[in-house]
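Two complexes follow with chain A in common, the first pairing it with chain B and the second with chain C.
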Partner chain A sequence: MTALATRTPTRTTAPLGRLAAAEVRWVLRRPRTLVLLALLALVPVALGVGIALTGGPGGDGDGDGPGLVAQVAGNGLVLPIAALGLALTLLLPLTVATASADAIAGEAAHGTLRGLLLAPVGRARLVVMKAAGVVTVAVLAVLVVAVVGVLTGLVVVGGPGGTMITLSGTTLGLGEALGRVALVAGWTVVQLLAVAAVALAVSAFTEHPLVVLAAVLGGLIVFGVLAAIPSLEWLQPLLLTSGWGAGTDALRDPLPLGDLVSSTLRALVYVVLGAAVTVVRMRRRDG
Partner chain B sequence: MTAATSTPPTEAAASPGDAVAARVRGLRKTFGSTVAIDDVDLDVPAGAVLGMLGPNGSGKTTLIRMLLGLTRPTAGTVELLGHAGDDLPAALPDVGALVEGPGFHPFLSGRDNLLRAAAAEPRLDGDLRAPVDAALERVGLTDAARRRYRGYSLGMKQRLGLAAALLVPRRLVVLDEPTNGLDPAGTRDVRRVVAELRDGGATVLLSSHLLAEVEAVCSHVAVLQTGTLLVAGELAALLDADAGGLVVSTPDADDGILALRAAGVPSYRAEGGVAVPPGPLEAPEVVAALVGAGVAVWEVHRRRAHLEELFARLTEEDA
Partner chain C sequence: MGRRSWVGAGLGAALVGAVGVGLLVAPAGAAAAPVLPPVSPEDLVSSVIAADAPPLGGEVEVDNALGLPAVPGVPQLANGTSAIRVWSGGDGRGRVALPSADGERTLVSDGTTRWAYDSRDRTATRAPAGEGPDRAADTQDPTTAATQAVATLRQSSTVTVDGTAEVAGRAAYQLVLTPLPTERTLLREVRVAVDAETRLPLQLTVLAQGSGDPALQVGFSEIAYGPQDPALFTFTPPPGTTVEDAPARDEARPEGERQGTTVGDGWDRVVIGQAPAPEEGQARPEGAPDLSTLGTPISGPWGTGRVITTAVATVIVTDDGRIAAGAVPQQVLTEALAR
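For the complex of A and B:
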């Protein structure tokens, strides 16, 4: 018994690193995470193949207007940025919302949240552990789109000798072009963390994962509608989605940082609010 | 034999100096206008196997959830292994619990589910596989350990829940309806595990509606009815208090009945002898009357009540 006593730790909660590692392992083994990541990988591939098939610069008048997608033709390194912009409208938020929904509401629905609280994992620690899983999903999701986007852009679409032609007409070398892609990827991660924080907060209030998904997707739609109403223009600075066009700025030369910075700050405010609500709610939540 | 009096709930095993594994005082929980638990005082003595009985909806699970800090009481205090209030979670590493059925993820195997649970156990260090495999072995799930939880039968799920409660040596194990969905072999296994825990010095709190189950393994009982604690205390004392009369084993049942009638004691034929309802005569006098009349007496024992009768009497007279 004494031998056992010296071996048995007397701490009252498991080490945070082990908890976070277990959480990340759990997240990555969940089939729906893998399905969503695979779907995300398809976005740049479908975009690249489509552009390669439909023609060269200027397009053949496909009616989609002079959007970012049109810029990709013959300019492969724009593809990851276009793909991130496209995925950010729905698929990326859906991915982090799913992860957040499963993180708390899903665990409650399976009765596993009780097990964690009884272990015990302290309630504040539980939020950190859950955040680790959700952040992992957000980063992986963006990485998948960016990396597959770069590869597809270089291989399928091709470009002017591994360079990127900016919207301003200048040409960036491969290194700087990849830097721009990384910038947009990082910016996208921060925007997704804002979505995830709000989703986690909702998740902390319910044991129905669908409620979280409905709240996040419904919220995005409502934000879109509000942004489209001219008399509500004063609301714009409050809406997370109103800064989501800023990713395109990375394609301008010189780089205009204004919108990228302001949308990042706005996202961080959402992160702080979401995290605070989550922690406060989890402190009192029944297990 | 000591004259056992029925134990009023407020004095349940509250003799000072007794080590207590869990203690609640004035515990109350309301959900809206529904009173789930109404002013319950209960002690779970250290080393006891306490069976919590009560009809469905009597508040057993709510009481257990408050005891473990999963639900906040509306009023009253909870003390668990010496920790109370905001400090309650500090007791939890030494508490194993299976509450409201097993909770696991369907896409993981039973073993991977336990590994995930083990990662959250403060008392485990280093390699988590050894304690996980030991717990699986203990509940007889080794063969199914690598199958997905999705495909488990109800009994296997219940066994896995039990394994999670036994991942670490515990001082207190709380089992809420542990035999739900188990076949007779599974029920026996639960009984064996409870006995092992008790022999190892752990305290066990067991809620059940299977009275025979409780009677077989428990040293103490607490009976709940619509959120009120009807009675709590040592099972043997409660049954003795509820018992009455004597059972006399004799081959000469007819002579025995006649002899007792002559002594002014009513009696009737029972299996293997004569049953004597509670009456004016004490046991030695009854035996003397029988022996005096030349009736062979093999054995005399006090008729012990069964938990079922006690439970029925308690819950029905109050209803």
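For the complex of A and C:
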């Protein structure tokens, strides 16, 4: 209390908000970030146009398309959820891994990290600032897919009067359907934050951005392989990717929250571990 | 200072990791057996039969190690664990959701009409209540499954109440049916966990000879008694749905032809039936599995055929079209066929 009261008005450190804003501006001016976001916007558009052109449900056989894609036909509001599910398998992790790789390892490769480390900014604050840039990219990426998905779904695919047909055969109004899309979007952001935290931790250990990308994408593939081996079933609760099917639950009615909650908790454990490793490593890093 | 906080942060992260992993991996944990007033098996069985199914909602977990061949469209029959969501409103109203990775089958009964909705091809099948288009609801619902088992298996078994257990957070009696020593059967024990308060069967466990793990366990993993949202028990086919009427029961299932005869009774009962004759222009009736490729060849004084063995049952399909099945070893089947 007394320390606060007697604090001198002159600042010895830069305010965190200004640091984060500067980092976000810096991240958003990178052409590769913008290109990746534009590519992500193409995912729901391509899905929607493709489905609108090939016809309605049951038109040509059953069970065509991976996962939920077959559900989108004539049911446009499912499109954002299906697109998020598809993008979550590879494209969205790739986007946040790119941002994380640039955040620390990229700066080290250019030699600009040394300047940041010498600046009068605490190392923990430096990590928070770098994380702010990555979180921004993750949120923007999910928002782009979700918003473009909703618009494409409503305009191109169309639906029964702005409603969503759930997997359980019930019909949800526009408001509730948008709520379900928002739920999946928020859940996807948390899953991406887990990927980003691990990617930042890897990024803190290397000065080659490619190593981060390879580690994240390789890790996703290894997780997929491990999940497919029946004798390693006990490993399933530990794998981040084993909860990634839970987004489909948002299309069931009544909404089952069990898997969504457990996969979110699992992602938060990854976030805490990745953030801790990043902070610990950045405290000792010198260039 | 740097080093100390370094160690502190590392320890903190390790702690979070350990707690997180523990929360994610650890099962609910076996609670101590609840203390309940003793009850005789007869009272328990009769109270189970008398009890009405109260309104409830819950999740049923099916742990299947029967070793059945996979049947397309019904993933719940194959080996493995699956979860089913059930709601019951009393008065014959109910809803069952069979989720799969990217779809769902929904069964709704509003008391007068039964609906079966399949999200994959968006078809809804309608049938008058009482004769469902899909028997999955009957076989999977632990309430009906356990009640049927108790009623039919009581004559040839020792029936005991073997302690108590906690199932889905409810205190339950364990009703154990063991075959009499004279019965020649593959089954070792059938356990039914009965809710001490509502007398609703909560869990059915089938144990086979020679295995410690249950061959089949169907039971609530979550249950909440109380009135349910009435909207759950109505079904309106969503726009774009193909609505079909289920074929009448006597059409799909010819009387007499498949009735079959039984040999023996109790646990070693063997049912001998006639395989449906192939119809003109159709290899086999729709929905019937192709038995000709399953099992191993076998022959005996009764003829030749194929034997299919699972953990709890044996089936022999003879080349002249007879089918013998029972929860018995192969020898009992061949004896019944030779009779």
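Assume the second predicted complex is superposed on the first by the 271 of 287 C-alpha atoms of A that agree within 3 Å, B and C clash if a C-alpha of one lies under 4 Å from a C-alpha of the other, contacts with A are read in each partner's own complex, and residues count from 1 in each chain.
Heads up, the rule we're going with is that a residue touches a chain if its C-beta (ideal position, glycine included) is under 8 Å from a C-beta of that chain, and two chains touch if they have at least 3 such contacts.
Values in this document were obtained by computation on a predicted structure and should not be read as measured data.
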Record, for the superposition on chain A, whether partners chain B and chain C clash or fit. fit
Would you sort A:Gly169 into first (chain B), second (chain C), both or neither based on which partner it touches? second
Who touches more of chain A, chain B or chain C? C
Touching A:Leu53, do we find chain B (first), chain C (second), both, or neither? neither
Which of the two partners, first being chain B and second being chain C, lies in contact with A:Val280: first, second, both, or neither? second
Between chain B and chain C, what opening angle does the Cα centre of chain A see in the overlaid model, nearest 10 degrees? 150
Output check: A:Ile229 vs chain B and chain C. Expected answer is one of first, second, both, neither. What do you get? neither
Of the partners chain B and chain C, which touch A:Arg29 in the superposed model: first, second, both, neither? first
Would you sort A:Ala70 into first (chain B), second (chain C), both or neither based on which partner it touches? second
In whole Å, what is the nearest CA distance you get between chain B and chain C after the fit? 7
Output the chain A positions appearing in both contact lists, the one against chain B and the one against chain C. 284
Which bits of chain A are touching chain B when the two form their complex? 4, 7-9, 11-14, 18-19, 21-22, 25-26, 29-31, 110-122, 284, 286-287
Per the contact definition, I'd like the list of chain A residues that touch chain C in the complex. 56-58, 62-63, 67-68, 70-71, 74-75, 160-161, 165, 167-171, 234, 237-238, 245, 248-249, 252, 254, 256, 258, 262, 265-266, 268-269, 272-273, 276-277, 279-280, 283-284
Complex contact set, residues of chain C against chain A: 2, 5-6, 9-10, 12-13, 16-17, 20-21, 23-25, 59, 85, 97, 99, 101-104, 106, 108, 115, 117, 119-124, 229, 232, 235-242
Listed in rising order, the residues of chain B that touch chain A in the complex are 65, 68-72, 89-90, 92-93, 95, 97, 99-108, 112, 115-117, 119-125, 164, 169
